[in-house]
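In the part that follows, the structures are each spelled out as structure tokens.
Below are two complexes that have chain A in common, paired first with chain B and then with chain C.
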Partner chain A sequence: MPLAATTKVGDSYEETIVENLSRTQIVQYAGASGDYNPIHTDEVFATQVAGYPTVFAHGMLTMGMTGKMLTNYVGDGRLTYYGVRFVRQVWPGDTLVARAEVSAVRTEDGATLADLVITTTNDKGEVVMTGDATARIG
Partner chain B sequence: MTIERFPVEASHILMFARSIGDTNPIYEDAVYAKGTEVGSIIAPPTFAQSSAQFDPDYFLRPKPGQAWFGSAREATGIKREKKDGESSGAAAGGLHAEQHFTFHRHVRPGDVLSGTTKPGKNWEKEGKRSGKLMFSETITEYRDQNGELVITARGVGVRTERVIEQ
Partner chain C sequence: MQDQPTDESLVPDETRALVGTLVAEPVRAEITAKESQRYAQAVGDLDPVYFDIDAASAAGHPTLVAPPTFVTHAVVVGLPLDRIRTDGLFTGAMPMRLRVQRTMFGGEEWDFDAPVYVGDTITAETRLASIDEKAGSKGPFVRIVRETTFTNQHGDVVARSRQIGIAR
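Coming up: the complex of A and B.
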């Protein structure tokens, strides 16, 4: 069910967007998106050359998975804007929860729009990504 | 960067949706999609990022006959001296700091997009964990086969002085 025009400020929704993120899912995202940066999929390169503790997910994978929560909440084809800031790396094994809260409901060019504030958090309680979105709700 | 031709295909949308763990039938089932408000399969919101597949020179894709910086026999295929104070993040092309999409409409299979990227602002900030942070912005306009603006994407990349340890 898409978000209805009765939506009000403070309404919120959250979803676990990934449990125990696998290296294979990161590989899947590399293949689908075309971003083969070895820092995301190549343990030898990531640790020995780049100096990271292990590989880490593409920021865009976190944005994509958080987008799933968002479209589940607002409905398909309803987003007019979705933007994020990557705050912290996402590592294999992470479980992420994405949350959206309605910050404004307004009218623009005859359409009712909801503005949302987005936060994606890992299982240590650290924020890994923040963002904003706007969706047409009526 | 210019993407001359980015044909949007149902199989690519399916693969992309799978990679983000999204099982919504709107991304794979044309019969289901026809009965919805949207009316057809659409692409997930962040799908435009996979335009990299259609950039012939995209530097984060290995190409036949060219050295690749990922591991093979050695930990990296490219031997290159690091400049003083340069981080490995820089060697890997920097990190992604922000991404914003404005949707003028949602992309569907059969669309043929083109993308034109222009540089945006550049700025610097002092980071707690990473030393000096150097940000640079790019704006990409995706247009469809009729020249209509479909998605405006704004990306911000960051290069750091030091590897960010956690």
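Coming up: the complex of A and C.
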């Protein structure tokens, strides 16, 4: 299903990247990434010291999960640029949908590139992360 | 407080002078299958080219592929517990003084220049790319951009990432 040279502006793809995010996955990510900030894993620290309602996912976890949607859409080895901005916290129990929409198709140095606008949304309909990406499509 | 501002700037001149310099010692790490796969599992990305050598070969790769964003984590060096700061990060980064209360991670962007494979040795060099004071709706803030260049054992730049910090 990788993006093809026939891809046009307005084409889009979306994927549920996590359902009912578990605290276990947040801990799994902390270990795999080496980011041990207790705000993500320690309920007492997150609530009583940092003043948050509970722990929340690493922004980079949302980025990584959204990256899975992107590589599924554009195909392996075709992503040339990926940038994200964290808009809102992601909490345990959240279900996230990541969406990419083609905003431009252009030619650069003989390669055909597609620019994508990325939005990751929680199950309340709130945007948690926005981003842009570019992929080689031909 | 020792560092009373003498002007309105949140960024002391000594910090502004660090733009372009390395913010930490360069780090070198080997991409291992186990670590790459643990990362892929943690982000729920079970693409066979990360796990199955035959699938990687069939897709035209010389060996197992690492997920594109894994390279950032591959160069995190494990350290004993007493060198982990209260914010969970490792000590060792060069200090940078700002006249702010808190810093937040605002986002990150990458350029992917070449695939990263299991067995590659990656060297990461991080510089302070820019530090700008901005006016925001909640008052002035500082936008800090650190840029990391990832280079493989062949001398090819495989990725560049920019980490954006917001301090106010």
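The rule is simple: the second predicted complex is superposed on the first by the 137 of 138 C-alpha atoms of A that agree within 3 Å, B and C clash if a C-alpha of one lies under 4 Å from a C-alpha of the other, contacts with A are read in each partner's own complex, and residues count from 1 in each chain.
Please note the rule applied: contacts are C-beta pairs under 8 Å (C-beta built on N, C-alpha and C of every residue); 3 or more make two chains touch, one makes a residue touch a chain.
Keep in mind that this is a model prediction, so the values were computed, not measured.
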{"item": "First (chain B), second (chain C), both or neither touched by A:L3", "value": "neither"}
{"item": "Which of chain B and chain C A:Y36 touches, first, second, both or neither", "value": "both"}
{"item": "Touching partner for A:V44 - first (chain B), second (chain C), both, neither", "value": "first"}
{"item": "Touching partner for A:D76 - first (chain B), second (chain C), both, neither", "value": "both"}
{"item": "Which of chain B and chain C A:Q89 touches, first, second, both or neither", "value": "first"}
{"item": "Touching partner for A:V102 - first (chain B), second (chain C), both, neither", "value": "neither"}
{"item": "Contacts of A:L116 with chain B and chain C, given as first, second, both or neither", "value": "neither"}
{"item": "Chain touching more of chain A, residue-wise (chain B, chain C)", "value": "B"}
{"item": "Touching partner for A:Y52 - first (chain B), second (chain C), both, neither", "value": "first"}
{"item": "Overlap of chain C and chain B interfaces on chain A (superposed complexes)", "value": "17-18, 25, 28-29, 31-39, 59-61, 63-65, 67-68, 71-72, 76-77, 79-86"}
{"item": "Of chain A, residues touching chain C in the complex", "value": "17-18, 25, 28-40, 59-61, 63-65, 67-68, 71-72, 76-77, 79-86, 131"}
{"item": "Chain A contact footprint on chain B (complex, rising order)", "value": "12, 15-16, 18-22, 24, 26, 36-38, 42, 44-46, 49-53, 55, 58, 60-62, 68-71, 75-76, 88-89, 91-93, 95-103, 106, 154, 163-166"}
{"item": "Complex interface listing, chain A residues touching chain B", "value": "2, 17-18, 25, 28-29, 31-39, 41-42, 44-45, 48-53, 58-61, 63-65, 67-68, 70-72, 75-77, 79-86, 88-89"}
{"item": "Residue ranges of chain C in contact with chain A within the complex", "value": "35, 38-39, 41-45, 47, 49, 59, 61, 65, 67-69, 72-73, 76, 78, 84, 86-90, 105-113, 115, 162, 164"}
